[in-house]
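I have placed the structure first, in the form of structure tokens, so that the comments after it can refer back to it.
Chains here go by letter, A, B and C, matching the order in which they are written, and residues are numbered from 1 within each.
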Amino acid sequence: MLAWSHDAARDAGCDVLLIVHHQEEAVRAALPEAAHARQEIPRGTGDAVRAAGARLEERSTVLVLPGDAPLVESDTLRALLAAHGENLCTMLTCLVEEPGAYGRVVRDGKGCVRGVVEVTEASAVELALREVNAGIYAFDARWLATELLPSLLPHPPKHELYLTDAVAAAAARGALGAMLHGDARSLMGVNDRHALSEAEEVLQARILRRHAEQGVTLRRPSTIRVEATVEIDADVVLEQGVVLEGRTRVGRGARVGVGCVLRDTEVGEDCILHPYTVAEGARIGAGCRVGPMARLRQDTVLEPNVHVGNFVETKNSLLEVGAKANHLSYLGDARVGAGSNVGAGTITCNYDGFRKSRTDIGAGAFIGSNTALVAPVRVGDGAIVGAGSVIVDEVPDNAVAIARGAQVNHEGRAEDLRAALSARAGRASGK
Amino acid sequence: MLAWSHDAARDAGCDVLLIVHHQEEAVRAALPEAAHARQEIPRGTGDAVRAAGARLEERSTVLVLPGDAPLVESDTLRALLAAHGENLCTMLTCLVEEPGAYGRVVRDGKGCVRGVVEVTEASAVELALREVNAGIYAFDARWLATELLPSLLPHPPKHELYLTDAVAAAAARGALGAMLHGDARSLMGVNDRHALSEAEEVLQARILRRHAEQGVTLRRPSTIRVEATVEIDADVVLEQGVVLEGRTRVGRGARVGVGCVLRDTEVGEDCILHPYTVAEGARIGAGCRVGPMARLRQDTVLEPNVHVGNFVETKNSLLEVGAKANHLSYLGDARVGAGSNVGAGTITCNYDGFRKSRTDIGAGAFIGSNTALVAPVRVGDGAIVGAGSVIVDEVPDNAVAIARGAQVNHEGRAEDLRAALSARAGRASGK
Amino acid sequence: MLAWSHDAARDAGCDVLLIVHHQEEAVRAALPEAAHARQEIPRGTGDAVRAAGARLEERSTVLVLPGDAPLVESDTLRALLAAHGENLCTMLTCLVEEPGAYGRVVRDGKGCVRGVVEVTEASAVELALREVNAGIYAFDARWLATELLPSLLPHPPKHELYLTDAVAAAAARGALGAMLHGDARSLMGVNDRHALSEAEEVLQARILRRHAEQGVTLRRPSTIRVEATVEIDADVVLEQGVVLEGRTRVGRGARVGVGCVLRDTEVGEDCILHPYTVAEGARIGAGCRVGPMARLRQDTVLEPNVHVGNFVETKNSLLEVGAKANHLSYLGDARVGAGSNVGAGTITCNYDGFRKSRTDIGAGAFIGSNTALVAPVRVGDGAIVGAGSVIVDEVPDNAVAIARGAQVNHEGRAEDLRAALSARAGRASGK
């Protein structure tokens, strides 16, 4: 959440200094490129800005942003800086329907801002005001550092220093600016999960709009979620319900089907992902066909033109160019050579209860349906494995391997068997 | 739908009497705790209230609500009762863009309500009015029972008694109140499926907002559906597209992945349900990992820290603590002992065409992949079953069981087989 | 997109002539019933209308619509034609917040429209106007063909002919009408994917509202997508996230579960499709139960009362009345006879690397779990196949077929095996 206001400030041309008073490690990890200062004990917004210390005077203007307002946009900050000019302080305000806990903006008869009243100190008339302080200010750096901050007095009952006192101080000097912002939603603070949820909706709308304008087709965009870290080329189609997370990247012309969930996954050009494909940490080559209802787990690599079909799971496996595994299979710790065909119901038995072992299938091989490949095991180039086999030993190149029982037909016996089973069921239910 | 207005009235401190004129059994079943009265033949709203009979006078004030207005809130009803005071009748009105079939509220030059005109009797000028009667009233009980109801006259063409005549009657006595409600949506009647759909959207927004305020994180809330009967602890995350129905309960810290559909299911603390998990009538212990694309059917019980993976179906089965069934399996009428591992492609053959039988797998067992367990059958504690086996007899504790054909490699024969298959395919297509 | 404005014009009683200047084949294919004319080189809207040639005078009134305004409604066009009367030209305008690239409507002191100024030729004052030209006009056909079009002069820099010059020309003759339309959204042009996405939302809302009014229940309609070609009977329930595409048809009383994706699929009366059923080109008979997470591919035919359960894929297969395949199976190029039961994990091995072959299962048969049926193969009426079998030869009617290895229990050996595997794992990790 912090990253959004950080980026907005950066985009507005600011150097960012983060004032942190808890979860410092998490903040440093999330935004390693930003400078940090520590507020040892949280004693109000005025005290927080004091924690910046001497660095306040390194620039001529200081912009102060709260950390919980992720929706502020760089354009707004630029406009605020432009409006600031020679003021000592320029504040951002907005009109809201339910002013709640926000500080109320008090104007005089001429419409000039005289100050901000916190809710705890507001009269009934002031509480009814609907113009509120967004908590975003531009300051003359020298005045802030050398006059305002030293003069702040603690407010009861918590004896905190309020940065909002700057407003009255600058107004008294005739050097206060106030910019009323039309879009209150973009200034709103996020203090609970409902507000967070609303803020995420606004961010999502921005992200999706940007992709749409760059040539991505979105079906029912309100059902799609794309994280800010995701890259999508032009001429991509995202069907409804798609979720793209983390370092996911989708190449030109790809189609991501209904409800696909991709995390940290690379999708090559012109791929078709059918509905409900779930992938994490996978690389999918150009022209692949995946799903529906396939699952590609960590370190799956599909070379170009691979087909992975429904109810197939892959993990830590390489499927070489043109390989196919179209139905109901588990490929774990495996290589499938170029052009090989893995039949329905094939299972790589990669785990013996103690360690994971590899299955290596050569190029041009054919694995019959319902086959178990007990790893570690190798199936050679061009080999053929009969359906229903349990392969425990190497299958040499170009060998035909079969490992199954012979078929025996007991002719005319089904009626007897049904009678016996029916009788047994009758006895069971009769108990 | 009825339950919502019923609950709103209850929450506003009312005792509820339902007037029913059809589907009486269904209404009684849905709201067994409410009192009922029967309107034998539906002859208008006034006639419906008459059906309450002597019970009208058991209280000093009577609130009348239509049964098809599920969105009315208890706060609104409380405000109406507070405004009612010593009035004979106090009505609720609202302003709507498209007044349609609602009765129009007619005010005099001083702005006082004089009456309500039904659409069938309205003049063109009256039809243009946008203030409408919400059909919700507070009445002085004695006046209603002893003066108003006996005086109602049938209106042509259907000769129905209109409760709306109370408005003019009370106005004539100078004892009418009218409360204009700002949120027309919450008063709207539900007369077709489109209106029902819109009403459900409003209800969903309320339900989800309540959960969010209590600490539940919702991703893209407009895609989530949570029925009113569902309980969710704090620090739960619901990803987009989640559906929670019936008596579902989600424990603290659990994460319900994209598109999970849960009905009557209990989810323990800190569980992770991966995308597209579908569960009905299941109990999932703390710390379990389920899905993606798993299905837990009726009477599935997962003890803590169980893993059920993709393309796994369970039914009427107990998986004891720490058991795993990670891929492509069907576990029906089974017990899987603590810490046991069920390999990919394992099937419990619980049905012989006549009855269902149980599979019992002990603790610490290892079931190799692609194994069929022909129930009734028992696999003992610590037993190991080789991949690809068909287990028809008991496997004793600590036994190793194998039931499969031996592997035969026909070396160098794949080329011949391919040639034969290719020739056969050629002949087939040549026909 | 074109089809929508085409249909609106048709519904308003117009004969439609499409002027095409690129993608002519695609347009002809999409709207084969409409007449076409070709604009050889695109030289502006005036030039486009000229391409209609002599056909302009075949009617007394000509309506001109842009091809990229799919949201215009037939009611609007009817109103425009009604307002047109004896005018030479009647234009449609609307008020927008961000007039962008739309031509501005210039009115004189009396409020009469004087002309339209394109953005490239507009002054700053004109750019600030918020009433814009929707690009939709009714014309007196003779005037258009014989006076206006011949008189149009090219505008620099591209020397295009602007149909908007008609506005000033008609105004100069005192025979211009202008109809201000209240719903700007329905007139908006679609020039990028964001606008397309917004237009699709409006269309979806219209489609879904129509179905809801005809008795279809929609859960969270904003998550549902139904293409205009789809037919849905009354008393159908569409759960959230449903996608219905192409020639899909859903019969009365059917319930389409959460996230089902159906294309060109026929769903019979009273069917229940459980969540995440994906179907394309399938026919599902009355009373069937499908899914969750089933996939019906092209040329699947389910006769009435068939059950297809989770993780089952069908393709080019007929399941006769009452047949069941409830779990983890692949049925390709198969027939399953009436009342037969296909066990979990059954695979039809329909592909040998060269050609597809058929599997034929008779009526009343029972296929045990984890069975591979190696096609071409026939299982007779009433036959029983034991679990875990690989069926390569015909199973006669009423035969019991078994094709699997015998079970061998090595008693007490699991501990030794675990020790050996553990030691091997230790050596492997020790390397």
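The rule is short, and it goes like this: contacts are C-beta pairs under 8 Å (C-beta built on N, C-alpha and C of every residue); 3 or more make two chains touch, one makes a residue touch a chain.
Since the model is a prediction, treat every value here as computed from it, not as a measurement.
**Q** Draw the chains as dots and join the ones that touch; what shape do you get: line, ring, star, complete or other?
**A** The chain contacts form a complete graph, every chain touching every other.
**Q** Taking shared residue numbers divided by all residue numbers at the interface, is the value for chain A and chain B over half (same) or under half (different)?
**A** Different, since most residue numbers here occur in only one copy.
**Q** Could you grab the centroid distance between chain A and chain B? Build each centroid from C-alpha atoms only and quote it in angstrom.
**A** 29
**Q** Chain A: which residues touch two or more other chains?
**A** Counting only residues that touch two or more other chains, chain A contributes 222-223, 241, 259, 276, 293, 311, 328, 345, 352-353, 366, 370, 384, 404-406, 418.
**Q** Quick one: in the complex, what on chain B touches chain A?
**A** Touching chain A from chain B are residues 209, 212-213, 215-223, 239-241, 257-259, 274-276, 292-293, 309-311, 327-328, 341, 343-345, 352-355, 366, 368-370, 384, 386-388, 404-415, 417-418.
**Q** In their shared complex, at which residues does chain A touch chain B?
**A** Spelled out, the residues of chain A in touch with chain B are 192-194, 196-197, 200-201, 204, 222-223, 225, 241, 243, 259, 261, 276, 278, 293, 295, 311, 313, 328-330, 345, 347, 349, 351-353, 366, 370-372, 374, 382-384, 389-393, 395-396, 398-406, 418, 421-422, 424-425, 428-429.
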